[in-house]
Amino acid sequence: MKRIRYIKPTPNPEVAPEIQAYLQAHAAQDVEIDVVCVSSGPKHLESVYYEALAGPEILRLVREAEAEGIDGVIIGCFYDPVLNAAREICQRMVVTGPAQSAMQLAGMLGRSFSIIIGHDKWRLIMDENVHKHGLQHKLASFRSVGLGVLDFHKDPEDTVVRMRQAVKLAIEEDLAEVIVLGCTMQFGFYKELQASYGVPVIDAMLAALKYAELLAEVRNQSGWYTSKITSFKSPNPQEMLDWGL
Amino acid sequence: MKRIRYIKPTPNPEVAPEIQAYLQAHAAQDVEIDVVCVSSGPKHLESVYYEALAGPEILRLVREAEAEGIDGVIIGCFYDPVLNAAREICQRMVVTGPAQSAMQLAGMLGRSFSIIIGHDKWRLIMDENVHKHGLQHKLASFRSVGLGVLDFHKDPEDTVVRMRQAVKLAIEEDLAEVIVLGCTMQFGFYKELQASYGVPVIDAMLAALKYAELLAEVRNQSGWYTSKITSFKSPNPQEMLDWGL
Amino acid sequence: MKRIRYIKPTPNPEVAPEIQAYLQAHAAQDVEIDVVCVSSGPKHLESVYYEALAGPEILRLVREAEAEGIDGVIIGCFYDPVLNAAREICQRMVVTGPAQSAMQLAGMLGRSFSIIIGHDKWRLIMDENVHKHGLQHKLASFRSVGLGVLDFHKDPEDTVVRMRQAVKLAIEEDLAEVIVLGCTMQFGFYKELQASYGVPVIDAMLAALKYAELLAEVRNQSGWYTSKITSFKSPNPQEMLDWGL
Amino acid sequence: MKRIRYIKPTPNPEVAPEIQAYLQAHAAQDVEIDVVCVSSGPKHLESVYYEALAGPEILRLVREAEAEGIDGVIIGCFYDPVLNAAREICQRMVVTGPAQSAMQLAGMLGRSFSIIIGHDKWRLIMDENVHKHGLQHKLASFRSVGLGVLDFHKDPEDTVVRMRQAVKLAIEEDLAEVIVLGCTMQFGFYKELQASYGVPVIDAMLAALKYAELLAEVRNQSGWYTSKITSFKSPNPQEMLDWGL
Amino acid sequence: MKRIRYIKPTPNPEVAPEIQAYLQAHAAQDVEIDVVCVSSGPKHLESVYYEALAGPEILRLVREAEAEGIDGVIIGCFYDPVLNAAREICQRMVVTGPAQSAMQLAGMLGRSFSIIIGHDKWRLIMDENVHKHGLQHKLASFRSVGLGVLDFHKDPEDTVVRMRQAVKLAIEEDLAEVIVLGCTMQFGFYKELQASYGVPVIDAMLAALKYAELLAEVRNQSGWYTSKITSFKSPNPQEMLDWGL
Amino acid sequence: MKRIRYIKPTPNPEVAPEIQAYLQAHAAQDVEIDVVCVSSGPKHLESVYYEALAGPEILRLVREAEAEGIDGVIIGCFYDPVLNAAREICQRMVVTGPAQSAMQLAGMLGRSFSIIIGHDKWRLIMDENVHKHGLQHKLASFRSVGLGVLDFHKDPEDTVVRMRQAVKLAIEEDLAEVIVLGCTMQFGFYKELQASYGVPVIDAMLAALKYAELLAEVRNQSGWYTSKITSFKSPNPQEMLDWGL
């Protein structure tokens, strides 16, 4: 039995049950999912400022999860906020981000992928992430649907219309062969889009789950885990105690 | 139950049982491993010429595996020979390569990785693969141990001495944080090296297994599979029949 | 006198005489051209799978040519299949590919070039080749005409209409300054296109001929030939004998 | 008169007066410097985790500074923490980081530069920053002196010995033509190093001051300021009020 | 008091007074501007050939300026002609180019910038400069207005209409967040464009002035000046005397 | 019969006969070589400043050669000075540079090449040229022998000793598979080095000759010549007349 936790980095506990059920339905047989939510902070992280504000609270939940013996956590935002910091502070628990997971998977399923985003503003961080993972040569395009994170589930029919249009243009104009849904709050839409357009449509939340399962498995089986010798060496515990962190 | 097959692209059936046992010991609970071997051709693929010769026979085994209902195959060489061709010809079965799998995994476990190779000659193809996957900014170095593919298991003690030296230099001189064993025939050595040096040492054969399990799982669960609209569209079946392929 | 051979990697002997005459008409005075054709295999190599299947037969013809004392061979497909393998296995004979030759020439004749292709599927391999040769910063675009390899000479008038449209868009929309015809079977069309649009239009088959002449010349004159110390060192002859290759 | 504030992102108020005097001594005539310090958090930011923890408190001081009418702030850490977030949240005040400033300046003063760092661990973030600014082709090397941030001023003589050794190797082995001191706490050392080695040695704290003066000047004079149309558009003020941010 | 000189690399002395006044109006308080003009040569440098012809005369003026004790010179052309040569030959005087200055500034003010040029021909040199400075990932587009250098001030109303159209397309189609005016003879237009479109519009002539002030300041204050150890080491003075240069 | 002219960009007429004989001995049968020399200017171009000074005189000789009906010129310096300008101003005559020619040839003969240079100062321009031609992934290293351009033929025995050492290190330490002699004044040394080390050693002067023959041939035969539609469009002849150029 492995326990994987989805950390929602915004205080929107009302969607937690739906996310929990969604993830559990896609989890491996021996995996138990729970969802925790930060208790305060911005309700979406579209802004770089908001993303920075959310960091410490996400990391508090990461450390709490490791202390509880959780096997893996998913940081539930396509910006992959504090992903490196979380991997540095952990000693045993695996951590995944939706962007890294979805883009790596997409890169294996086709020559090129497009990322469906809400607003062009999101490109600042996402484009940096594409480069960090070395996938710029596989990025066909970003396609924006003109919706904020909190809008995706307000009027699902309208959302679907917009997403369909974006996916269609990505395939026809940008020659995308794979679609990545560039926001975890686009969860639940991939199946219909995939059926319509005949290309893989990656739900980033689920991709992060599958990579968490993978990383937990290789850790258990082969001892492969974040290298702790240099870049991701955790800070000195005594120092942290002294400083009250 | 999923069936995953390791295709050994050289006619060395004598090592098949050992590989089968090794992979089975690392497979997920619901996964059954078998190993098949090409029946003729060069006994190692260190040369580009040999690699090209081995292609059709590997692809014959790939098609045979798909016809048998196998869920996934691993092409058992760190050059990842005919990986794209195999993904193009398949309609349902997943295909992984040790290099793509091991390097992507390594990239998630540290800032940089080194690849332990047998001879510097191998760099030609491997360096191209590093670039194809966009991981050149994470590559700390190649380190050669001066052994051919067929030598690794001849004198395991000597092999270990050489590998230890290469790993040590990669860590100390090149600042590698993760080690990738750049030949499937280096299987079996990772645990000892990992224990000695305190960094993850990725056995590429096992990495390919784990990615095969991952790709088979996301295909079953979410329908995510090689995009068939353009680059990886399989050739026309009637055409293939007409041409006797 | 130098002998240069065009290896047609598909069993379409009916076009061999036309290709022979075309190449001979463009060859240097001291160069004699012949054309050989593989005897079996797929009739076009548009698919990655087909390309891999054709490899061994192409290489058999390469070795045969070297044994006959041919000075240089052209591998007659814009994917440049087994180009590295052919250069590795040869000891004296030069080998060129249409893509490497045409793209390098195009890069010297203008700031940017576009490649006219048949189908977007071809981008998978061609884009990798552009990167291998470091010419991505000079690539203005790929422009597809919606024809397969075997279609180019079926209805030449229709082909010309399509190619003219693609060339026009490449120049006007993508600011291409040079055009590369991205399939050897587009041979024969460059003069008319060049006259119409006032930009160099590179016939890749001819480019490969000119580079074969160049490489044979510098080998004869200065001893410059594929470096045999590491990456392109030929496999061990005894080993090949033992393995019946 | 312009007011520029140095935000020390760690609670080490004891060094504030020295930094204030140092910056004031290097400021333009019409510039008044003050130094503020976060009130809590880690005492150095060498760890990625610490860097993330420090973010919100730095941003609180950034907003406070803008509210006070400060013209520009320097975020006093060579990781350039929350630089983008600070530029996004501000409407009028300029923000600079030591890394972006020092590296851009270094890039104008020579073909290549080396960055003197404390520990190799720092490369994770710094290497990402080098790539973000597109300066990887100018980076000769990182050279580590084996000291933590808090150690640089403990035994200045020992620090100088170590820095001299690193600078010497950077120049002789890595062919660096310019040296960048990769930690703001290396302030005060550049003059002596520069005199000894005859190459520009960039004090990153001072570089950030000069760029803050530059950005404040072009804002005042020509209205050139962070583009607010997309990526750096500040979050909705009403939303921030509603969420208590 | 600092003296900064604008070197107009074409013999168009009639615009010198206007440029002098324009620059003086934007200069720092302690900066005195003068403008000198080459006495012969092509009247614009749009062609690569013209640019090369202008080199020696520009460099003569650069040396003359240094001999006169000028603090900094601006080479007044967006191709940044002989920028490296000028920095190499000088021993004390700073030298800036409009392209390097404007692009670096633009890169700090937004995620992406577009350069408004006169003709597509200009891309050859400018694109090389973008790559030299490592800013290709920030370049949204070049947008051409179809005017030569000498046309910009002939019919300013028409020029503005064309520039407005180009800026609008750069913002809307290419998602530029900052605009760079890619010719010094576009001076005087930035304010109106900036007011209309709400994005920073960088006048490259002024950017070069501000960078000249910056470089002169850091030279005076901290001794930071072009590294003279290798790449930018000035040629041997005796050798120059002997050769009459 | 084709006439190819070597333009020596420095006033060293005493070496012209030797160069003429050397080139003629390596020219194609139908090629006649002559050598012309600029009449004034610096005696070597190691400095960027010198390179800029030499430009107009080189271009005057280029235009003179075209007026005389010469088929192709070689600009005799490994910096490839004014290569683009020369291609722009010519309408019929081909122009080659030693660096572009030698590096492209080297790239076809091995996985990697090293360039043997005189002083590290030369890297500034050469490294930019490597990037312009997209060959940075094939560059193993620059190796400096500590000699100036004018020194290479002063004490040939000493030169050979130094070159041998540099070639040895390039092969053993940097894994170069091909050597490029990075100065035209290293002519005459390649054969001995090649014989000793068993790798191709490219004499850049000869490489430029072979590429000039190639470009002249494809121009004559297929009409392939520098694209004149945009980047390399020659300046307006009337304008040049009016301006006395």
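To keep things simple, chains are lettered A, B, C, D, E and F as they appear, and every chain counts its residues starting from 1.
What we mean here is this: contacts are C-beta pairs under 8 Å (C-beta built on N, C-alpha and C of every residue); 3 or more make two chains touch, one makes a residue touch a chain.
Not measured: the values here are computed from a predicted model.
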Exercise. Which number of steps is the smallest that gets you from subunit B over to subunit E via touching chains?
Worked result: 2
Problem set entry | Target subunit F, source subunit A, minimum contact steps | 2
Problem set entry | Comparison of A-D and C-E (more C-beta pairs in contact) | A-D
Exercise. Which angle of rotation, from 0 to 180°, maps the CA atoms of subunit A onto the equivalent atoms of subunit B, to the nearest 5?
Worked result: 180
Exercise. Between subunit F and subunit E, is it the same set of residue numbers doing the touching on each side, over half shared, or a different set?
Worked result: same
For this session: Take the average of all CA coordinates in subunit A, do the same for subunit E, and state the distance between these two points in whole angstrom.
Result: 44
For this session: With chain centres taken as the means of their Cα atoms, state the distance from subunit C to subunit F in Å.
Result: 27
For this session: Could you grab the centroid distance between subunit C and subunit D? Build each centroid from C-alpha atoms only and quote it in angstrom.
Result: 52
Exercise. In subunit C, what residues contact two or more other chains?
Worked result: 111, 120, 123-124, 131, 137, 175, 230-232
Seminar exercise, completed: Among line, ring, star, complete and other, the chain contact graph is other
For this session: By the touch definition up top, name every chain pair that qualifies.
Result: A-B, A-C, A-D, A-E, B-C, B-D, B-F, C-E, C-F, D-E, D-F, E-F
Exercise. Can you list the residues on subunit A that touch subunit D in the complex?
Worked result: 40-43, 46-53, 55-56, 59, 82, 84-86, 88-89, 120-121, 123-124, 128, 131-132, 230-235, 239-240, 243-245
Problem set entry | Contacting residues of subunit A [partner subunit C, same complex] | 111, 137, 175
For this session: Would you mind writing out the residues of subunit A in touch with subunit E in their complex?
Result: 120, 123-124, 127, 131
For this session: Write out the stretch or stretches of subunit B touching subunit A in their complex.
Result: 26, 28-30, 100, 104-105, 107-112, 133-138, 171, 175, 177-178, 190-191, 194, 198-200, 202-203, 206-207, 210-211, 214-215, 217-218, 221-232
